[in-house]
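The structure that follows is given in the form of C-alpha cells.
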Amino acid sequence: MVMDGCCLAADDETTGPDPVRIDRKATAGDRDPGAAADRETIIEADNLEKWFGAHKVLDGVSLEANRGDVIAIVGSSGSGKSTLLRCMNLLETPDAGSLRFRGEQIAFDGAPHERARRKQVERLRSQVGMVFQAFNLWDHRTVLENLMEGPRFVLGLSRREAADRARAYLAKVGLSGKENAYPAHLSGGQQQRVAIARALAMAPHAILFDEPTSALDPELVGEVLRVMRQLAAEGTTMVIVTHEMAFARDVASRLVFLQGGRVAAQGAPRDLFGGGAPQRLRDFLSGGGERAP
Amino acid sequence: MVMDGCCLAADDETTGPDPVRIDRKATAGDRDPGAAADRETIIEADNLEKWFGAHKVLDGVSLEANRGDVIAIVGSSGSGKSTLLRCMNLLETPDAGSLRFRGEQIAFDGAPHERARRKQVERLRSQVGMVFQAFNLWDHRTVLENLMEGPRFVLGLSRREAADRARAYLAKVGLSGKENAYPAHLSGGQQQRVAIARALAMAPHAILFDEPTSALDPELVGEVLRVMRQLAAEGTTMVIVTHEMAFARDVASRLVFLQGGRVAAQGAPRDLFGGGAPQRLRDFLSGGGERAP
Amino acid sequence: MTLTLLSFGPGGWGSTLLIGALMTIAVAVTSFAFGLVPGALAAMASRSPHAWLRALALVYTTLVRGIPELLVIYLFFFGTSSMIMAIVRLSFGYGGYIEVNAFAIGVLSVGLISGAYSAEVIRGAIASVPKGQVEAAMALGLKRWVIVSRILFPQALRVALPGLNNVWQTTLKDTSLISVTGLAEIMRSANMAAGVTHEPFTFYLVAALIYLLFTWGSARLFARAEIFSGRGLKEARP
Amino acid sequence: MTLTLLSFGPGGWGSTLLIGALMTIAVAVTSFAFGLVPGALAAMASRSPHAWLRALALVYTTLVRGIPELLVIYLFFFGTSSMIMAIVRLSFGYGGYIEVNAFAIGVLSVGLISGAYSAEVIRGAIASVPKGQVEAAMALGLKRWVIVSRILFPQALRVALPGLNNVWQTTLKDTSLISVTGLAEIMRSANMAAGVTHEPFTFYLVAALIYLLFTWGSARLFARAEIFSGRGLKEARP
C-alpha cells in the first residue's frame, strides 16, 4: 500500500500536467541580470560538525545557498540531512564550523554576549522560513492567527496589516476560505500548505523544508509538491530535505547527497541522475534509500 | 509491503513442503469407521440472530460442526463472521435462534435459572477452545502458567499434573524451552502458538479460531498456520474465521461464506474455488475481500 | 535542652512521641485497609449496569471529596455520639454524655475519606485491564471468582499501585486530623508536649520528621510492590 | 429551632456563618493564586539543566507533600511568630508575645501547600506541549517571552486545567485547617456556633453544605474554562 501510493504520487509528479519543467539555474540566471557567480549568497555553512552524544551526525559539511537556488538534500535516514537543515537556522547548534547569513557571521552557543547572540539568532530566523515534517501549526489558533503571529510580533505589523498579509498568502497556497478553521480540522496536506504560507508571510530570504511530505498520506503529497513547485518557479530560495526523488530531479537546481554526515556527492540533478553519479549515489537512487523511486 | 508479505505467506502455504495436502472429509471418514453422516455433531447453531443496537449483525445463520470438521468462515469485514464465532461459545449472546452442544440445548441470557445457566455456559466453554486474533495471553503469568490455569481451575488437575500437561502441549506447538518466559517477551507468532496450546490443554471437543493470523506480521503467519495445519491433520474439530484463502482452500473440509449476516454460500472448498461458486463469492475471492489472494 | 525534652527519661517526651507515632501507624493502616472496602464497592458500583448503583457511588465520592476532611471527622464524631446518645436515652433512659471511642471514629471517618479516593483509583485500574484478558479466561470456562481473583485483580493491581500509594500517603496525613477527637497519635502528642513545654516549634518539627520518615518508608515499600507486580511487562525484560 | 439558630436576626448565627463563608473564599482564592507562584517556579526548576535547581524543586514538593497540612500550618504559625518575636526582641528589646496575622499565615502556609501540588500539574502540562510547537515559533524568530506567553502557556493551560481544578478543590478544603489559628472562616464560625449552642452537628452540617456549594460552583467554572481552552481540538469540531 505504502509503496504503491508513493509510486503513484511520484508518477503524478513526472507525468501530470506541469508547466514548470525548467532548468532552475538557467531561469534564475534569466531573472537575475548578473552572472550566476554574482548572485547573493544567502546561507553559507562551512565545515559544520554536530555531535549527538558520542555519535557524530555532521562530519564537516559545507553548503552554500545563493539567491534563487533550489537545493535538494537527499540521503538515507541517519545521514544527517535533517540535522544539517536544522543547523541552518540554529534549531540545532553546530559544535564546530561556521555559518554566515548574507555575509554576516552567526555566533553559536557560548558566545561572549549571550543576549546579543540571542538577538542575532532571532533576526536570522525571522529571515529564514522553516517548514517542518509534522507541520507544527499551533493548534490553539485559527489558520489566520497562525499566519499572523510572526508578522505581528516579529515584524511589528498591526493586527489589520498582518491579517491582510495572511489572507494574501493563504490565497497563494489555495486555501482561501479556511481562515477561521483550526488546524486539527484540516487535512495533512492543507496543514502543510498553511505551514508554507506561515513561512512565506515573513517574506524570508530563504525557506528550509524538512521532509515536508513525509508525514502525509500518499494521496496528499501532490498538493504540497505543487505549491513548492510554484514557489521554485517564482525564484524562491529553497533548501529541501526530501525523499521525493522525482520532485528533486525536476525542480532542484542542485542536489546534495549526504552519507554518514558528509557530502558524498553534489551537482545538477541532470548530471547526478544521468551516468555521472558516483557508485554509492547510484546505489541509493536505485532503491537502497527509503522511498526512492 | 503488507500485500507483498501476505502473498509470500500464502505462497509458502501452497508451494512449501507440506505433507498434509488431503481432502479433509475423506480423511475424517477414514479415521471414523462410521459413515460421514454418523459422525457426532459437536456444535449446532440454528438460525442465530444478533443485533448490535439497531444493526443486525447475524440474520439467521445456521451452522453445524461435526467431529473432525475443519470449517473455514470467510467474508468481508462486517459480514458477521467473528460475531458468529463468538456466539458459538456465548462470548456474545445471540438474540434469537438456538445453539446445541453435543445435542444439549444451551440456554441464553434471561433463562429462568441464572445460576444454572452460568454453570452450563462455563461447562460448554471448557469443552470448546478459543484462539483470539490478539492472542489474549495473560501477561502477568509465564507461558507455563498460562497453560496451567484452565487445567488446574476448571478440570481440577493438581499443579504438577497441570504443569506436565502444559509442557506436553508446549512441545506440540514447538515452544519447549519457553516455559518461564512472559508473553511480552515472545514474538506474535510465538504468542499465538502459546494461545493455541492453552486451548489444546483443555482437550476440547472443538477449537474456535477468530482470525488467528490477522494481528501477525506477515513473516510470522506461516508458523501459526503450520501448527493449525497439523491439528487439522490429526482430526481436530476446528472452526476458523480467516482471511488466508490459500490456507482455507487447502485445509478446510467446508467453507462458509458470510455476507451481511447471512450464509451466502457454503460447500467443499474444491467446489467453491472451482467454477461452482455464486457470483458474489467469486467477486470476493477475486480481490473484493481484504487480504484475499 | 531540646535533647532533654525529646529524651525518654523523666521530663522527656520521647516515650509520648513514640507511642503517638505507633498510634499514627495503627490508625493509618487500619483506615487505609478499611477504606479499600467502600472504595472497591464504589468502584464496582460505578461500573454497574444499574443506574442507581452508579448514582450511589457518585454521591459517596462527590460528597466525601467535596467536604474538608476535618469537617468529615467532626460530623462523624458529633453525629455518631448524638446518635448513640439518642439511642441510649430512648432505650435506657440515661441522658448523660457518652464519649465514643476516638480510634473507632477516626478509622471510620478517615477510612471513608480514603475509600472515596481509592474508589477512583480502583475503578480506573479495572477499566484498564484489556477486555481480551477476561474473555480468554471466560473462554476456558473459568468461574467468575477465579477470573476476578487470578486474572482481573492481579492485572488491575499493577495499574492501581501508584494511585493507591498516593491515597495511602494522603490517608497517613489525614490521621493527623483525628487529633481533634483527642486520640493520642503523633500530632496530638506533639500538641500536648508543645502546650506543656511552650516549645511548639521543636515538637511540631519532630512530628514533621516522623511523618516524612513514614512517607519515605512507605514509598519504598510501594516501589518494591510496583516492581514485583510489573514482572512480565515488556520493559521489565531481564 | 434550627431555623432560629441559622437566622440573621438576634440569637441567629446566620451573619457569622456568612462572613465565615466569605472569608473562606477570600483565603482560598488568595492562597491558590499565591501558590501558583512557587508552583510555577518549582515546575520550571524541575525542568532546568541545573541539577541544584531540580533538587530544590524536589525538596520543596517532597517535604510539603509528605507533611500533614495541619502540621505545615502549625509550623508556619509558631515558626513565624517565634522568628518575628526574636527579631523584635533583638531589635527593640521588647520581649512580649506578638500575635502574627492569621490571614497572612494562612495564605502563606496553604499557598505553599497548594504550590507543591500545582508544581506537578504545571510541570506535566509544560512537558505535554509538543516540542515542534515551540520550534515552529522559534523558527519564525519570535522572542522568548512571546513564545512562552502566546504559544507555550495557552497550550499548557489546556492540559493543566483538570489538574489545577483538583488542586483548587484541595486548597479550598485546606483553608478549613486555618481555623486552628483563630481566623474566622466558615469552619471556625461553625466551631464557635457549635460551642455556644451545643448543637455541633447542625452547624457542621451547614458548613459542609457551604463547602459543597463552593466545590460544585467552582467545578462548573473550571468545566467552562476547559471547554474554552479546548477550542480548536479535533473533538471540539462544531
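Which chain is which? They are A, B, C and D, in the order written, and residues in each are numbered from 1.
Just so we're on the same page, a contact is a pair of C-beta atoms (placed from the backbone, for glycine too) under 8 Å apart; a residue touches a chain by one contact, two chains touch by 3 or more.
Everything quoted here is computed from the prediction, not taken from an experiment.
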Legend entry - Neighbouring chains shared between chain A and chain B, ordered by label: none
Inset, instruction - Count the smallest number of chain-to-chain hops linking chain B with chain D, moving only between touching chains. - result: 2
Legend entry - Chain separated most widely from chain D, comparing mean CA positions: B
Inset, instruction - Averaging only over C-alpha atoms, locate the centres of chain A and chain C and give their separation in whole Å. - result: 59
Inset, instruction - Provide the C-alpha centroid distance between chain C and chain D, rounded to the nearest whole angstrom. - result: 23
Inset, instruction - Please work out the Cα centroid separation of chain A and chain D, and write it as a whole number of Å. - result: 48
Inset, instruction - At least two other chains touched by the same residue of chain A: list those residues. - result: none
Inset, instruction - Would you pick out the residues of chain D that each touch at least 2 other chains? - result: none
Inset, instruction - Name, in rising order, each residue of chain B that touches chain C in their complex. - result: 89, 91, 118, 122-130, 132, 134, 136-142, 149-150, 153-154, 182-185, 195, 198-199, 202
Legend entry - chain C residues within the chain B interface of the complex: 130, 132-133, 135-144, 146, 150-151, 154-155, 158, 229, 231-234, 236-237
Legend entry - Residues of chain D that touch chain C when the two form their complex: 63, 65-72, 74-75, 78-79, 82, 169, 173-177, 179, 187, 194, 200-201, 204-205, 207-208, 211-212, 215-216
